[in-house]
Amino acid sequence: MNKIFKAEILKNQALTEDVYCLSINVPFNIEAKPGQFFIIKINERFDPLLGRPFSIFDLEDKTLKFLYRVKGKGTSVLSKLREGQNLQITGPFGKWYPFPKDDYIVIAGGIGIASVFYLMKKFPKRAYLFYGARHRREIFYYKELEEVAKEVFISTECGTLDYKGVITELFRRKGLHLNLPIYSCGPMIMIRELKKLLKNKDVPCYVATEERMACGVGACLGCVIETKEGFKRVCTEGPVFEIGDLIL
Amino acid sequence: MKPLLEVKIGELTLKNPVLTASGTFGYGLEYSQFFDISKLGGIVVKGLSLKPKEGNPPPRIYETPCGMINSIGLQNIGFDAFVKEKLPFLKKFDTKIIANFFGENLEEYEEIAQKLDATDGIHALEMNVSCPNKTSEWRKMGLQPELLKESVRKVRSKVKKTLIVKLSPQVTDIAYMAKICEEEGADAISLINTIPAMVIDVKTRKSLIGTLTGGLSGPAIRPIALRMVWEVAKAVKIPVIGIGGIVNGRDALEFFIAGAKAVAVGTANFINPLSSIEIIEEIEKFLIEEKIENINDLIGSLIE
Amino acid sequence: MKPLLEVKIGELTLKNPVLTASGTFGYGLEYSQFFDISKLGGIVVKGLSLKPKEGNPPPRIYETPCGMINSIGLQNIGFDAFVKEKLPFLKKFDTKIIANFFGENLEEYEEIAQKLDATDGIHALEMNVSCPNKTSEWRKMGLQPELLKESVRKVRSKVKKTLIVKLSPQVTDIAYMAKICEEEGADAISLINTIPAMVIDVKTRKSLIGTLTGGLSGPAIRPIALRMVWEVAKAVKIPVIGIGGIVNGRDALEFFIAGAKAVAVGTANFINPLSSIEIIEEIEKFLIEEKIENINDLIGSLIE
Amino acid sequence: MNKIFKAEILKNQALTEDVYCLSINVPFNIEAKPGQFFIIKINERFDPLLGRPFSIFDLEDKTLKFLYRVKGKGTSVLSKLREGQNLQITGPFGKWYPFPKDDYIVIAGGIGIASVFYLMKKFPKRAYLFYGARHRREIFYYKELEEVAKEVFISTECGTLDYKGVITELFRRKGLHLNLPIYSCGPMIMIRELKKLLKNKDVPCYVATEERMACGVGACLGCVIETKEGFKRVCTEGPVFEIGDLIL
């Protein structure tokens, strides 16, 4: 498979002030699995220099979608690109979420939803989704989520939608008793909390992690995180890890 | 007519003058998913030591304007694992394998050099005297003329293969350092390694690199690297390998004109995995356009 | 509440810690068409010599990735014309004027320093020991510890005003050079000057700079400058002025956290003529957000 | 007058493969004279780093136009910008063409036409225009030129339009006898040729020169060219110089 290609921007839509959905047209059929990521080179010149990694948010035929938040220079430049412009894409890279055999739990915090939507779409109507955000404005694609998930639990920190509080708390109340494998993606604070909650439970819990990347293919050793077995590369040994292996 | 791209570095003949730089191309495997790495003049593998090294605590990289800082800390799988797990794969390709190496002290430098010298499938050695990360004094011998002299002499006396010494840019007079290496029997000089640098998170007031400082690479440093390659190429008779911020054919050509006999592509591999072979193609195209039959005719052709 | 921005550099009190760097802000006049230059902490004027200097043959500048190379060759109108034609205008503004100076030999250094010391309307002196252009050995004294020591001592003995020594980055151990200046009585250190660099036109095979090499400035060098400022600030007790690739408030803040007591904005003036005052505003905004009442509380606050 | 402002791109139109006409909307009324230039900062980040100087091609109400050729990294990035995007502009800077009192001659080579169109528009129906290009494709705005000039003489190097040859040759044949002030802009080779032709003539000849620039305001001393009186800054003492003062 060709792992480097040019793709045309079909749409680069602002969902809120700082969250965008980017749709691109891939020139051939690609096979990519939930949890994997692509690297987008944002401009032709060298500032920003490196491509930026983004999870597959959705893939259907030749339309590949990313959901991203503007954080710094790369995403800021990306957010200003328009329909018709071209991007250099490499990927897919990384370990995917092990396929769920039966029902499963998904826990997403904030923009972490970008990494798990495609999983639920591929394995539909079997996920208990716990999705937390700061505000209801930041709950994206609610309708689509209801379609692909089995059940949806939403929390917002300011209480503007459903449960008021953090998503791990809602999960503790409504999901912890379910003995199902867990798939999760979200901020480090959420992952740490989750690890605590699961201390005495014996279900597999897969976490999609993030680290700054240069090569994306395991060559630069730049993206390591600490695991029980020493440093591991997020780009190739991850981004999906078993929560128990991570030293958080 | 296809121009001739072959160059000689000591005893080593490269079919074309484009290498991939140590630490930026893994052990070759990582990039063979993108293109046929046999097309490369050579591959300089990630710095090797006798024993495996864990490397530095993350965060290890940060992007800066047209550059990046890294502090990998020479993480590597060690000599034994390299020979057992990586070399057999690399041997399958029709390209030259150059082993970049370092040690914690001079004895270790000598020992790993000897082992690599005796290993089949390794075509040349690159001695890294210039690691900018937090490190022992010995790894920084490239900054001290006396240490450098002694080390190159000792290592030279132990190895038969082509010995390249990779210099640090962090000196006032790089030509002087290169001359020391030449005198002590190095077959070639490669430069530059990364430049010590720093970037701070103003909110947390911490360095964005786990070890506080790291090494700057990428297009940002190219004009500095080019100046140094030019200074060194004028000062020594042995071949010079130009490294630093090369991202396209034009950049590489600047180094040849300044006197480099070969170039190594580093950070560019991260920006575009096909950089190195696109550079070869662009060099070829330029030579055809300019009616230069042999790349060696371009080398050192700067009009001063 | 407005945070306090005042800092002291030797005897010099700056109302805010943002200067404009020598050679990048002309004689002030050029930028007064864009904003009220009284808002600046100070202006470091273009390097002055006793006699006017023609400077280097063009081409004098070239853009590189996130940086630029210049080889102006210290063109300037000379001390007399400066005092007659430029200083009266500068005196009208409520900001500090720092005179950057150099000579062809040590005697000239001493002489111009003395003259500037005796000139009303000049608040401090910045001794440039680090011009990277083709030049006399003396202008490069910043590379040689012995020369540097002697020069700083001699110049110091001749002047009363605050004496800042501007260092070259082209050394292995910049903290060592800074300590020499401190020992010999410098009131402050400023760094970095540009880094020697080169760029070649592959078609003509000539340098794109008339004098072959020039000095690299701009965002590209910022991480290198920051690392050096940090090293120097840890090593000396006198104030450090951070220079190199600062283009916005965040960049400036990195230098303060690393230990700089003031910063000078150079190449950024070319990119956006309002850079320097926007930087002042951004620093102020940050201090308010972070509830820091006095900029001096931020200086050197890096958590290692 | 405010010499630094943001302007919105109204149009960035390709006229040939590598020549574009950029129209921007200036936020207030500016006064700018023929021969002056503006500096366009092409992107928000730092590669390209410096703004690029361009002559005023046309100015009407709040619409400012530039005619430019793609030469390197800056103009290449510029050519990809779209309607609606914003640019940071500084200017106008530099010495303008001394106003013609009566009839005058204009000699433009290639993209040099960008610098003289506005002059002819401001002082219409009085210019004998000599305009040379490589090919008829590269003769821009022919109709508009016929309207603002008194008489138009065209040469193309390949003879695809009117006279076949270089423009200085056509000028020698058809214009050298006219004792009128000359305004010219074009490649160095054209300027040198012109200087030779005018050696024994006593008419003023103004030339718009080019040099790489950093500041554009006389501060960096980067843009000097050699004149009889030593180095002069193109940005402030030029770009328009008397041809006799230049050491070419």
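Letters A, B, C and D name the chains as they come in the text, with residue numbers starting at 1 for each one.
Criterion: contacts are C-beta pairs under 8 Å (C-beta built on N, C-alpha and C of every residue); 3 or more make two chains touch, one makes a residue touch a chain.
All values derive from a computational prediction rather than experimental measurement.
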Both-way neighbours, i.e. chains that touch chain D and touch chain C: A, B
Contact-richer chain pair [A-B vs B-D]: A-B
Averaged-CA centre spacing for the pair chain D and chain A, given as whole angstrom: 52
Distance from the mean Cα position of chain C to that of chain B, given in whole angstrom: 34
Distance from chain B to chain A - Cα centre to Cα centre, in angstrom: 36
Centre-of-Cα separation between chain D and chain B, whole angstrom: 46
Chain C, residues touching no fewer than two other chains: 65-67, 218-219
Chain A, residues touching no fewer than two other chains: 45-48, 73
Graph class of chain-chain contacts, one of line, ring, star, complete, other: complete
Complex interface listing, chain C residues touching chain B: 64-67, 69, 143, 170-172, 195-200, 202-207, 212-213, 216, 218-224, 226-227, 230, 245, 250, 253-254, 257-258, 286, 290, 301-304
Chain A-facing residues of chain C, complex: 65-66, 219
Chain C-touching residues of chain D, taken from the complex the two chains share: 3-4, 41, 46-51, 73-74, 88, 90, 211-226, 230-231
Residues of chain C defined as touching chain D within the complex: 23-26, 30-31, 33-34, 46, 54-55, 57-63, 65-68, 70, 72, 75, 218-219, 247, 267, 269-274
Touching residues (chain side chain D, partner chain A) in the complex: 44-48, 73, 77, 80, 82, 85
